[in-house]
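Labels run A, B and C following the written order; every chain starts at residue 1.
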Amino acid sequence: MRDVARDIATAQPPPHTVAMWWLGQASVVLRGADTTIYIDPFLSEYPDRLVPPPFTPATAPPADYVLCTHEHVDHFDPQTLPGMAQTSPHACFIVPLHIVEQATALGISAERVLGTQPDEVVHLGAITLLSVPACHGLKAPPATYDFGFVERAGKNLYRYLGYILEIAGVRIYHAGDTVIYDGLVERLRELEIDVAFLPINGRSYFREQRDIVGNMDEREAADLAAAAGVKLLVPTHYEMFAANQGRPGTLVDYVQASHSRLTCLIPAPGRRFTFMKGDGR
Amino acid sequence: MRDVARDIATAQPPPHTVAMWWLGQASVVLRGADTTIYIDPFLSEYPDRLVPPPFTPATAPPADYVLCTHEHVDHFDPQTLPGMAQTSPHACFIVPLHIVEQATALGISAERVLGTQPDEVVHLGAITLLSVPACHGLKAPPATYDFGFVERAGKNLYRYLGYILEIAGVRIYHAGDTVIYDGLVERLRELEIDVAFLPINGRSYFREQRDIVGNMDEREAADLAAAAGVKLLVPTHYEMFAANQGRPGTLVDYVQASHSRLTCLIPAPGRRFTFMKGDGR
Amino acid sequence: MRDVARDIATAQPPPHTVAMWWLGQASVVLRGADTTIYIDPFLSEYPDRLVPPPFTPATAPPADYVLCTHEHVDHFDPQTLPGMAQTSPHACFIVPLHIVEQATALGISAERVLGTQPDEVVHLGAITLLSVPACHGLKAPPATYDFGFVERAGKNLYRYLGYILEIAGVRIYHAGDTVIYDGLVERLRELEIDVAFLPINGRSYFREQRDIVGNMDEREAADLAAAAGVKLLVPTHYEMFAANQGRPGTLVDYVQASHSRLTCLIPAPGRRFTFMKGDGR
C-alpha cells in the first residue's frame, strides 16, 4: 500500500483537476491549484472509531488551509488541530465565527484563525471559499434541528456551516453536518456544484435518545444532489461509529432507481480520486 | 444537459489521465493520449432496452478504435458497427479472431478489422492492448461456461475476450462477459490494473432456462477486484434488460463490509468521469 | 392462486392463533376468536396505486369490525367504507373520536360508528381493543409531527391513533401512521406485544415539500420493535405509491445486523399468515 500521507504530499493534479481523499466520517482532503485543504480532519485515536486515521496529526502532510464546519469533536477535533498547527506552520484555520476562541484556546495563534459566516466570500490564494448554513443540533433529546444561532455582539451567528470551494475551476460542496432546509437546493443549484460530500447517516429517534444528532439520510442526500444538479455525489459520515451508520448501498440503489443522471463515488478511505472540470455534465 | 457526443468529441484529458464514459450494459468509451476507444458499443434501439443509447451510430463521436469482446448482440451489435464504420472512417475494429468474417460481413472493409487472441500485445498508436480470455457461454440451457473454443486452421481460438488497455499510463480492464476462472486474479494482479469494468449480473439457473447466460455477480466482482489489487471498480451489465439485472447497491455494501481498500464508482450513463494515474493507490 | 376474499371468509384459525392478511399500504385483516377485523381497508381504485386491491368493497368478505387509524385517504377511504358498511351489515366501525361525523357523513348509521381515544379499553366480543396515540401530521410543508390535537367540547382529542388488539391471546399492534414519540416503547413493552405492523416509509424533506407526511423509517421500526420486545415485525406502508416507498430489504438487513432476537415477516399482499400464541418468545 502506498502511504496516504506521501500520496497527499506529492500529488500534482494538472490544471482543471482536483485530487481528493476521504479519510472517514466527514474528513476530506482536497488538493488542486497547488493548494492543500483539509476539511474536518479527525485524526485522533478517538475511542470506538471503526476506521483508523490514515496518519497522525504529527505526520499529516502539510496543509495550506484547515476548515472545520462546526464544533463537534469529529469535525473540530482538539486532539488533531494543535498537532496540525505545528506540522503545517503556514496553515490558516477557518471555522465558524463563534468558535474562533475555541481554536485559539487550543494554542493556535490568533492570526492563523479566521472566523467566517455564510455569504462571506473568502479568497484563499487561488481558491475561493463560500460558506453556507448547516442545520444541525448540539444536544438531544429532544432533537432540535436548527441553525443554532449564537448571539455575539448583537448579531445571530450561524453555529454550523457547510463549505463551498472553487478549486481549479471545480466547485465542491462539503455539507458538514446538516439536514436539508429551505433554500439549500436553490443555493447549490445556482452555484453549479460539481462534487458534493454529503452525510447519509440520517436521523433516528433512538439515536437522538442517546444524544446522537442526525443528518440527512441516503435518500435525502440523493434527492438533494439530483435536485441541485450536482455531478458527483460522495457519501460521508456513515462508517465511523457503530451506533451512527448509514448505508452507501442504499444510496446507490436509490440513485439508480430515481436519479439516472447522478454519478456516485464510494471511495475507500485514504485512496485518492480525481475530478476534472466538466466531469459528470 | 451537455450533449454526450459533444462531450466525448471535445474532451482533452491532460497527461496521465483518462476520461471515461459508461453508456449502459458493457458499453464504454475511453479517451486519453489523444485517442478515442469504444468497447462493446451498443447504440441500436434494441427491443426492451431500459437505458436508451446516448446517441445513434450515425451521430457517434469519431472513434480511433472500436473493440468488441464477443459476438453477443449487446457486445457486437450489427445495428451499431456499420454506422460507426461510416462515421469513424479511420477507425480500426478489433474483435476475437474467429469473428473477423462476421465483422467484414457487416460491410466493414477487411483492412480495418483486426482479429486478436489472448497474449498478443497490440500497439494502437500510443495505446497498448492486451486481451485475456473470458469464460462465458453462447447458449443455455444447459448452461455451459467455458472459453468456447472455436477451431480454425487447426488452432483452438478463444471465443470470448476481455481487454486490457494501457492509456496514458493508466491500466484499464474491461472484462467483457465472463465468470471468474483460474488464473484471472493472478494475471490481473501482475498487470497492475487501475480501473476494472466488471459485469455484476450474476448467474441464475432460471435465467439460464431462458437462454440468458450469466456472468460473475456483485460479490464475485468485488472479490476479484480486491484480490487483483484493482484501484477503481466500475460495475457494468446490470441495468439494460429487466430480466438480467444486478444491483450496484449490493456491490457497494459488500465492498464496504469486506474490502475497505477498494473504491467503487457508479457512473450515470453517458456522464464523464476521470481517472488519474496514481488514483486509488 | 386461491381467492383472497374466499380465503378470508373461510379461514378457521384454531384457538390461540390469529390468521392475518396484509392488503398493501396499512391495510390489514385479522381473523381469530371467530371474528374478522379490518384495519385501514383501502380497497378503492385510487389513482397511481401500485398494488391493486385484492377485492372491491362490494366483494369484501364480511367484517365484524372495521378500524381506521386516522382520516388520511389511505387509512379512511371514502370509496371503501360505505361499500363495506353494506356488505358487512353487522360490522361496527371504530375511528378516532373526532371523525365519527366524517364516518356518518359517508352514510354509515351512527349506531354503527364508535369513536375512541387512547387509554379507553373497548370490548369487541372476544376481542379487546386499546388505542394509543400516533404522532403524524396532516399537512406539509413545513413538516410538523405531533398528536394533531383537535378540540371538542373543551377536550383535546388525539387526531391519529394506533390500535392494540388482543385476539385469541395474541397481542397485535397496528401503528397507523406515526413517528416514534416518548413513552411509546414503554407502553408497548408493558403490553407485551406479539405482532407489530409498523410503517417503514420514513420521513424525507423532499416528500414533505410535496405534502407527503412521513413515518418512522426502516431502522426506527426495527429499533422500536426490538426495544419493545415485539416478537414479530411486519413492515407496512412501503409499496403503494411510487413517491412514498420504503425498503423491506433495508429493514431486514438492519435487523440482522442489530437485533438478533427479532423475527421479520414480509408478507405477499393478500396471502394469509398465522401467528400462534407463544411464537417468537
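Here are some notes:
FYI, a contact is a pair of C-beta atoms (placed from the backbone, for glycine too) under 8 Å apart; a residue touches a chain by one contact, two chains touch by 3 or more.
In this text the structure is predicted, and so the values were computed from the model without any measurement.
The angle of the rotation superposing subunit A on subunit B, based on CA atoms and rounded to the nearest 5, is 180 degrees.
Closest to the middle of the protein, by Cα centroid, lies chain A.
We define each chain's centre as the mean of its Cα atoms; on that basis subunit A and subunit C are separated by 41 Å. Subunit A and subunit B have centres, each the mean of its CA atoms, that are 35 Å apart.
Centre-to-centre spacing of subunit B and subunit C amounts to 49 Å, using the average Cα coordinate of each chain. Under the contact definition stated at the top, the residues of subunit C that touch 2 or more other chains are 253. Of all residues in subunit C, those touching subunit A in their complex are 141, 179-182, 202-206, 216-217, 219-220, 223-224, 227, 247, 250, 253.
Subunit A makes touch with subunit B in their complex at residues 1-2, 7, 11, 13-17, 19, 51, 231-232, 239, 247-256, 259-269, 271-276, 278-281.
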